[in-house]
Amino acid sequence: MAQHQHKGGGHGHDHHHHDDHGAGHHELSYWRKYIFSVDHKIIGIQYGLTALCFLFFGFSLMMIMRWQLAYPNKPIPVIGSLFPSFFPGGAMAPEMYNAFGAMHGTIMVFLGVVPMLVGAFGNYVMPLQIGAPDMAFPKLNMMSYWVYFCGGVTMLASFFVKGGAAQSGWTSYAPLSVITQPHQWGQTMWLIGMVFLITSSLLGSINFITTIVQLRAKGLTMFRLPFFVWAQFVTSFLLLLAFPPLEAAGILQLMDRVAGTSFFMPEGLVVSGQMQSYTGGGNPLLWQHLFWFLAHPEVYVLILPAMGMVAEIIASNTRKALWGYRTMVYSIIFLGFMSFIVWAHHMFITGMGQKMAAFFATTTMIISIPSVVILTAMVITLHGASIRFNVPMLFALAFLPMFAIGGLTGLPLGLPVSDIQLHDTYYVIGHFHYVVAPGTIFAIFAGIYFWFPKATGRMMNEALGKVHFVLSFIFINVAFMPMFFQGLAGVSRRLADQTGYAHGNAVQGLTRMSSWGAWMLGLSQVPFIINFFVSMFAGRKVSENPWESTTLEWSAPSPPPHGNFKSTPVVHRGPYEYGVPGIAKDYFPQHQAGAEA
Amino acid sequence: MRRCSWRIFLAVVFGCVVLGQTSVLRAQAVAPKDTGVKIDGEYGPFLPTDISVDGYQVDRLINVLHVFMIGLFVGWGLFFAFCLVKYRQRPGHRANSVLIKAKPSKYLEIAVAIFEAVLLFGFSIPVWARVKSEFPTDDPMRVRVVAEQFAWNFHYPGADKKFGKLNPKIIDLVKNPLGRMDDDPAGKDDFVSGEFHVIEGRSVVVEILSKDVIHSFFVPVLRVKQDAIPGMRIPIWFKTKEKTAGAYEIGCAQLCGNNHFSMRAVMHVDTPEQYAAWVKKVTAPPEEFKED
Amino acid sequence: MDHSHADTDKHVRLYLTVFAALAVGTVVTVAANQLHVEHALAIGIALGIATVKASLVAAVFMHLKWERSAWIWSTLALCAVFFVVLLFIPVLETSEHPPNVVVGTWDVLPEAHTEHAGHHE
Amino acid sequence: MSTAVLPYTVEPHPITRLYSGKLGIWLFLASEVMLFGALFSSYVLLRVGAPVAGPAAWPAHAETGLSWKIGGFNTLVLIISSVTMVMAWAALKTHNIGRAKAYLATTVFLALVFIVVKLTLEYIPKIQAGHTPSHNNFFALYFTLTGLHALHIIGGIIVITYFIGPGSALWKTDPEYFTNRVECTGLYWHFVDLVWIFLFPVLYLT
Amino acid sequence: MQKTFRYGVLCAFAATLGLAGVVRAADDGVIKGKVIFKGDTDKFKRSPIDTSKDANCKKPIGSWDVILNKKTDPITIKNVVVSIKEGLGDKKFPPKTEPFKLTQKDCQYDPHIIAVMEDQPVKILNGDDTNHNIHFLPKKNTEENFSQPQKDEVTGKELKFKLEEPFKVKCDVHPWMGAHVLVFTHPYFAVTGDDGTFELKGLPPGKYVVEAWHEKFGTMKADVEVAAGKPAEKDFTFEPK
């Protein structure tokens, strides 16, 4: 650290934590070390474990919903009788379906995937990859986690209040979200939980950007950053600038619910035949604008870090430099920028005029180009490579076609005319689940398998990992592929029972297939869970660089000690110098001094 | 040992595929459900019957897009698979650090961009313009659709083609679900029904309203979907083809509460005679209800 | 920004000048408002003066006048761009519906201003 | 050993010319701009889209009963508090902690004056007069915008009080670091002032 | 000692018996009568209800806000709730335990008037092949709003209302479906049926104020004195214009 440490003098060290300042390193209590830790690695692991629990919980909600869809109003086996207050007569009531649906979306997006990608991987890997001893603001980092935790607890608690959890979808469109459960706490707690989660993300993004700008190791210029760091950097800007409008919208909706204001309530609302007492003058579309102003960048928050992780894994396992690294960086910056001006393509059928529809359709088509560029670059990287088919690579490779399907099916939704038929049908569900489930979730698995040895010093079991991969790959497609056909058939999303419609009943078989796929997908995670916990204690021990990778995190011990590196790393070259001619080893780590390639 | 584990693995995969197929087969055996009215049209895992004059434009775009998507995916997937096989790690093989030329990918990206531009400016924006602003002038039927939790009301202007005024204060869900005012001359011959009747081959302008929350008026067979936003009256239009008389479904496409799934109505495409008979039936002064 | 004492003294004088300007700005805003000029013009004047005042605060009190860091300037630029994008929401929502869309569900609306305690009984 | 030793908490980074705290607070302010930006945007939309007549119409300025005198007074109070805040930082730059604390205390005092005036002369009489947030969208926006702003003021009061009290212990061990922290707090405080500079004409004058 | 105990037990037994007899004798007061309609019956014809919103609702049904029993003489009114309004003092009554059964049949509520005691369970069943959503709209009690998508749902759903008040119920899927809930603190209430008569049984003797409530015609009160062993008669006459 000496070269970065500014001045001499006894007071120069440990500014942040004068309370811990003392002669010698006294051991911290268990609480300070593992629970209220300020070490980015512990916080990253906390984020990771919490997010995994939420992902599992969110998925369980969906598995129960899939029963209702496949066998409408039939008692749910086992679970139905375990929670009689949730499932009267063992079957799922439509309002419970709506609550589960809203919470599945919220939990997966805000409590599962984002904390996993940004909170866990970003926190754990990013400082290591830039050679920083920690995040720029360690206490703020701890606070981010605990604020996120409070948000999660609030969301979970909302299941048990009178009237149950929020029922208006994860999009919480007003006026439905304002007038539903008016005397009950579900939606209000959802809003309060969201304010917590937004605050957590904002604090986190400030920390990430500052860390990347300020704490890069010597010699690590912006264009020597691993692609994952770039992805985190862009993601943090998205979080920083897109989340506040949702916070504003959340405050307005909270006012509508609690103080009886009419921000989203037009005049003369008649609910259940009764004139409502709202003064009116509000606009329901205001909520949608503010919501999607966040939520479209949010989509990229869900995918950019995943792309970053996949890029890292592909580079390492093709033993080849990432093809078109600079183009990819420019693409990701462009993607981030454009994601702020496409939001209204979620609102084509709200009564939009020609100019606006044309504008947003055009920006939507434009934003698809950088995605194509990034994907193409990653595929071309495979050309001339020497591909190692280990478990992280399998997941990363599967990410590519899955993301391609997800991305391509976005096209008919981005054009207003085809969107007329497909808007809010299962086609949309299929589209974004292909991006987020076999896309992002696979990237998350890839990342877990890839960085597990760094965090624990042990490998995860390859055979179990492969079983996990193949089963997941098959069943995730069985679960999501039918949705495109349901969507084409015209089945609307968020229907608790589609069999009442002739066109819904005609494809009910596909629904069942999808449900079976989802349950089998759930079962397929058993090898992973076993692998994860057993490997933690009994996995094969490995050295600091088991994958023979080049980036900085692999120069730190596994697991990295406090302060991360044995000696302050200095960077001499770009992130992906694999297979450099004239060098015996097929990789050339960033921190190794030597001839420039 | 290694070989053995792969065999188990393949067995598992095979098992999964069999299971998947069985579930598809099971799937076919879903009995049609009695929903009160027999619904016409053909429904399956692709686009449903199209009875609208302009619906083909939507279908055409969707079809062109899917051909394009599948073509791109297959081509790209072949390259992907080729790389996976050819460049797998094996003894004596080392990654080729000489980079592939950028040109093919650049051409591909440019081609994709051009194709998207064609779709956008050729197939999407003009159609959207037609749908949104070129309202029919050939004496269309006018109907007002009022959505509420969880039902559709169809308000017909009657012979004078003028809608009466609506007042939310006098809404009575049994007798006056839309709050029609008795003292409004334009509203004298109006009538309200829970069924949607249109005449085949005649264009219809539908004005969409909502009493409470956001709903979405969706008629799959017409390729028509429009959100019903409270505080706004949004007109859309469509024209049914000739010889399409029958009963079709209307659904709600936007989550609107507990019973979103059962917010369904039936659209009857009538011949002029059927329509006249229906109007006569609906507008007849009510006879006293006698319990049997 | 390393300041010597003399620098700081200069700054202090500048701060007081800016304070005077802000106070005058406030008085002018209020005075202009009392003149009963046309409404749109009054809004324009008020917002214009507010912008000037805000710029002074940002430039001097928040030290942007002396700020050299490209990172801060680019963050602010990005923020400004997206702020403008946000302000497009009302523009879109008030002008960009097709011409035949009508605002208001009902023909007759309640006139009386009754008690508005929200929906809570 | 709880944290690693981090560079650039005090001295600026040689390339970015920033100490980390400053970049952090500017990023935070950027997000605040977006927060208030969204609310201003909502204000414009609701005002432009308000019905022409009826209870939901935008009230004429006279009907709102908002007094420019109180608003103007509070504007001046906040501007003065901004000056004292920046003066506190200047005093720290000249190593005069006593004067700095006095300036900080003045800032807190002025902030409290702002809150007390707001509460006793505006909020309470308004609510008593029936002009609650649910009265119409003007009052809804008035209470939401000024309420959120007041929350920011209260947050500022807490932070500044901390630097007068226990936080000032840092001055003895690392005066430059303390000065930086006060500067960051100052940046936040000026931003809060800046928001009010816009809120005042938007709510009180037009 | 033993003897005293036996006598004590005997005396107590006898006393209990006697007391019980007194109480029983005292609590068999009855108020009965009918609710008579006077006026133009043509103004209050039942009109058919338009059930076209749901094609599953095939059986024709009629409006229920006023149902006159035209076969009785004089013409009486159905669905009038007669109850004791005043005169019971602060006496607390244990809630009825047998559930009140409310069925949704042919897209209408059966029965139309749900008169229950506080804390008496109301069991709600769906008797139709379509989805129903029952929405209680009380002012004092908690609002209930849930759907019953299937016929003869496995158990139906049970609810309890805690506070005395009359309020409406409606179906959110079939907007025309409506009914009324009346919650009482005591068991002395009755709903007139097809003969228009009512009977309040088991009343202790005393002076009461009796109220008749009709959803359209409003309420009407009368003073009634109940003597032990003899039914008190009281007819109510509504004369709507």
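Assorted remarks:
Lettered A, B, C, D and E in written order, each chain numbered from 1.
In this text, a contact is a pair of C-beta atoms (placed from the backbone, for glycine too) under 8 Å apart; a residue touches a chain by one contact, two chains touch by 3 or more.
Please read all numbers here as calculations on a predicted model, not as lab measurements.
Considering every other chain in turn, the ones in contact with both subunit A and subunit B prove to be C, E.
Judged by touch alone, the chains other than subunit A, held in their current positions, stay linked as one piece.
Traced through touching neighbours, the fewest hops from subunit C to subunit E number 2. In this structure, the chain pairs A-C and B-E differ in their number of contacting C-beta pairs, and the larger number is found at B-E.
Chain centres were defined as the mean of their Cα atoms; on that basis the chain farthest from subunit D turns out to be E. Among the chains in view, A has its Cα centre nearest the centre of the complete protein Cα set.
Distance from the centre of subunit A peaks at E, each centre being the average of the chain's Cα atoms. Separation between the centroids of subunit B and subunit C, computed from CA atoms only, is 44 Å. With each centre defined as the average position of its C-alpha atoms, the distance from subunit A to subunit E rounds to 56 Å.
Here the CA centre of subunit B is 49 Å from the CA centre of subunit D. The mean-CA centres of subunit A and subunit D are about 33 angstrom from one another, to the nearest whole unit. Among the residues of subunit C, those touching two or more other chains are numbered 71, 78-79, 82, 86, 89, 93, 97-98, 101, 103-106, 109-110, 116-118.
Taken residue by residue, subunit E touches two or more other chains at 131, 145-147, 149, 170, 172, 175, whereas all remaining positions touch fewer.
Subunit D has residues 16, 18, 23, 27, 30, 33-34, 37-38, 41-42, 45, 49, 51, 54-55, 132, 134-135 in contact with two or more other chains.
Applying the touch criterion to all chain pairs gives A-B, A-C, A-D, A-E, B-C, B-E, C-D. Across the complex, subunit C is touched by residues 132-133, 135, 165-169, 179, 181, 207, 209-211, 230-235 of subunit B. On the subunit C side of its complex with subunit A, the touching residues are 71, 78-79, 82, 85-86, 89, 92-93, 96-98, 101, 104-106, 109-110, 114-120.
Listed in rising order, the residues of subunit A touching subunit E in the complex are 72-73, 75, 88-91, 93-95, 162, 182-183, 272-274, 496-497, 500. Contacts from subunit C toward subunit B in the complex involve residues 97-110. Residues 16-18, 22-23, 26-27, 30, 33-34, 37-38, 40-42, 44-45, 48-49, 51, 54-55, 68, 72, 75-76, 79-80, 82-83, 85-87, 90, 93-94, 132, 134-135, 183, 186-187, 190-191, 193-194, 197-198, 200-202, 205-206 of subunit D are the ones that touch subunit C when the two sit in their complex.
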